[in-house]
Amino acid sequence: MASVELQSIGKSFGATPVLSGIDLTVADGEFLTLVGASGCGKSTLIRIIAGLEPQSAGSVRIGGASVDHLRPHERHVAMVFQSYALYPHMRVFANMALPLTMTRLNLFERLPLLRLLSPRRRGAMAEIAKQVHAVARQLQIESLLDRRPSQLSGGQRQRVALGRAMVREPAVFLMDEPLSNLDAKLRVHMRTELAELHARLGVTFIYVTHDQVEAMTMSDRVAMMDSGTILQLGKPDDLYARPANVKVAQFIGTPAINVLPARVGAAGTVELFGMDLPIHVRRPAGTALTLGIRPQAITPAATGTTRAGLCALDGRLRRSENLGAEHILHVDLAAPATGTLTSVMAGDPEVMAGDARRLALLFAPSACHVFDAEGARIDDVEAAPSAAAATRMARAL
Amino acid sequence: MTAAATLAAPVPAPRRNRQRLIESLAGCGFAVPAFILLLLTNLVPLAALLYLSFTNYELGAIDTRFLGLDNFHKALGDPVFRRSLYNTFAYVAMVIPGAVGLGLLIAVLLHRRKRTRSIYEVIYFLPVTSTLIAMATVWQFILHPALGPINGVLRALGLGEVAFLSEPAYVLPTLAAIGIWQLVGFNMVLFLAGLSAIPRDLYEAAEIDGCRSGIDRFLTITWPLLGPTTMFVIVTTSITAFKVFDTVAVMTRGGPMGASEVLLYAIYLEGYQYFHMGYAAALTLIFLAFVLLFSILQTFVLDRRVHY
Amino acid sequence: MATAMRAQAVTRPITSGSSLLRRMVTLFAVHTVLVCGAVFILLPFVWMVVTSLKSPSEIFTVDFSLWPKHFNAVENYGRALTKVPLLRFALNGFIVCAGILIVQVLVAVPCAYALAKLRFPGRNALFALVLLGLCIPVQVPALPLYMGLASLGLLNTYFAIMMPFFLSVFAIFLFRQFFKGYPDEIIQAARLDGMSEFEIVWRIVVPSSWPAIAAFSVFSVVAHWNDLYWPLIVINDMNLATPPLGMLFFADSETGSNYGSLTAAATVITAPLVLAFLIARRRFIEGITMTGIK
């Protein structure tokens, strides 16, 4: 069990930079997820921690000690690969025992025929067998120990890969998109199992995924990456409620956040499509802004409706997706506004849209996220009534 | 409704039948030239061989007698034939470890190189494309007791001269070395293909699990996963080695004193120099039997090539 | 200050002193083995070319040197090209290989297509025969074919050299595998457009099977350019000799004497294929590796 510290990690493949200036500390026993779109560098980063790739700059410390000069197996890490990387020619037992036989037996004791001559081997193998069985019992794969990987289902293979990692009793568990090869239902089930495993073992987990749902539901903290840098590091709640960057806001949360262009008006307020919103921004007038509003914060109402304290935009319902418990609405904004907004509501939108499918979209100013032209969050912002009060009013419709 | 139904039903059937007919005719037509050639170049000759092997026919002979299985009995008791069989198997036994082992070694060493790989690949593959007869002549010169460089080096080291091709004990190993020389590049390519089929993350997982050295990696992952490829290379090499002829014909002509007379060369002599057609036919059938054995092994191995 | 300290923390990846040494040693050992092997492989080639440039006096001196002191290339090559019709051999090789290849493709392609895509009576039996033919090396039917050709008076002709190879069961097998993967829908669309099966084969399927045909061509040309056994049996007229046979004749006539022109002849005979290999490496390796899959 150990903490992991990354200091100024950089990596380039030839002239192409893939990672730059990564500073990250994972506390002992924490579940940290590296999340981001494909190509953001998260897999490269985890491989650097494992020692499979050398970093171009910076240093890695595990448990307080620098591991830069250590080979992967000397770092006391275990890794679960996306493809599981189970040795296809060995049975499950041998797969799980391999980490132990590699470290405990020397070369002669491992050679195919010569090993029969070693007396120490029998004792060592008995120990190893005990350990493997213990782990297999924990993961409920004891009945599979005699099978070959090709005879296992996806979920079973995943457990064997986990078992092989657990058997080493590592200081850090590294997981590179372990659930992406499973079907949706199994993925949901394994999410819970992994989270419970983490709680049981109490070991540091570093988890890589491109699925924001996994990141949000399983982690203690999340590091969202983009183009080789960490955009935001924090608890899942923080990334959702206070995204540091418009990219973070767009990645976390489904349906994706609505993003609208705005600017700072003459009175220091946000001007959106010519409408002055009661949000004060301490920036010079005319500064370009990006406004983010979550679909859950937008309430549709019959066209023309207004409510005190809420802003309203009119539009035409283009399409509604029926999810059973809720509807997702795609509404084309009416002039002078442009663009499409997504909103989530319970109940049938047709009821209030009428024949002309015209709707009003209401939202509270405090629910808006304000970003500058580069996408960074602007925090010195004052909005009118509290978000809670605004939403209550909207729901009453 | 019923009228329309009965009108609709029969129309597709004749068209379908006509299509089938066209297919059958086209198929037969396309296959006929190949079939005729197959008959002429494979089946009829096989039947002829079978017939000939039961006779004592000699080319240009007036009368022939039916001998039954006498030719085969004679072959199995004939010291010349048995020697050629022994020579051939000895040759194959020497070529297999050399060609397969070296091919594997070179492939494993080359697999990880990036910049130098192409150069080495080209170099090692050159003998496969070269005309063996021409190169055999050159080898003959290289191995020459007085003029060749190899003996020159041996002399310089104080070891004296070695008559590679005229000493009965050395001639087969020498021929085997040349056979290996010709096959290494080919096997190397096959092994390289097999190696690149092994997923890279297996090696990475192994490294995390503690596989430190190249030997560990080789024993734990490379060798087991190359199993099917290795079997395949062994069988292919065996068949090719079994058919050795060119080097013998050019360099030794079966000498010295029959020490390098291999099966195909013996058949060549019997059939085209001595014109003992009946006997040569029997020998050819024995040759075919062995090749079929190897080929069956090969098909068997190919089936098992389905990876784990 | 903090950044300066961080900069010092930058290290060279994974390699400490001892493991860098280990890597160097391994690299050295690997390349030593590879180079030794390469020397073994290249020895005859180098020796061949070098000897072909030397004069007889140099060749026959017992202490050898690698580079010729007197260039005798013109005489050696001249002798090789005139005393024995080397260029003629090359021409024969070209004629024979081209002839064989053309007929092989013409016969094998329709048959492979029929086996892959058409249903006709006897299809399975034919395929079984093809598989059987794969196991029979050419040295087996050689004897009866020789007798047949002899009785027809057809020995010592181009036809005799080419005839046993007109049918390549390997080509049929290979093309059938390839054609099987060809989408049926395209063929059905072509049929609907009114194309005859014959046109479909040659105008639609073949052009898109170019890689397989090219790879097979390489295999075929190399195999038949280098073939000794069959030409040796049916040819004793030097004007018709293929390169290997020609080399054999030349070696016979020059035994023990003119190694200079012998190696010159060897160089001329080996050069075409080696040059072709250097130019079209990928196709070569593909094509020849298929003999393995055979």
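The letters A, B and C name the chains in turn, as written, and every chain counts its residues from 1.
Heads up, the rule we're going with is that a residue touches a chain if its C-beta (ideal position, glycine included) is under 8 Å from a C-beta of that chain, and two chains touch if they have at least 3 such contacts.
Keep in mind that what you see is a predicted model, and the values were worked out from it rather than measured.
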(request) Kindly indicate the chain pair that has more C-beta pairs in contact than all others. (result) B-C
(request) Farthest from chain B by Cα centre, which chain is it? Let me know. (result) A
(message) Using mean CA coordinates as chain centres, what's the gap between chain A and chain C in Å?
(response) 55
(request) Report the inter-chain centroid distance for chain B and chain C in whole angstrom, where each centroid is the mean of the CA atoms. (result) 14
(request) Can you tell me which residues of chain A touch two or more of the remaining chains? (result) 51, 71
(message) List the residues on chain B that touch chain A in their complex, please.
(response) 199, 201-202, 204-212, 215-216, 219-221, 224-225, 227, 307-308
(message) Using the touch definition from the top, list the residues of chain C that touch chain B in their complex.
(response) 26, 30-31, 33-34, 37-38, 40-45, 47-48, 51, 59-60, 62-64, 107-108, 110-111, 113-115, 118-123, 126, 129-130, 132-137, 139-148, 150, 163-164, 166-167, 169, 172, 191, 196-198, 201, 222, 225-226, 228-229, 232-233, 243-244, 247-248, 251, 259, 262-263, 265-267, 269-270, 273-274, 276-278, 281, 284-285, 288-289, 292
(request) Could you pull out which chain A residues touch chain B in their complex? (result) 50-52, 71-73, 77-79, 81, 83, 85, 87-90, 98-99, 102-103, 107, 110-112, 148-150, 164, 168
(request) Would you pull the chain B residues touching chain C in the complex into a rising list? (result) 19-20, 22-31, 33-35, 37-38, 41-46, 48-49, 52, 59, 102, 105-106, 109-110, 113, 116, 120, 122-135, 137-139, 141-142, 146-147, 149, 152, 181, 184-186, 189-190, 193, 214, 232-233, 236, 243, 245-246, 249-250, 264, 267-268, 271-272, 277, 280-281, 284, 287-288, 291-292, 295-296
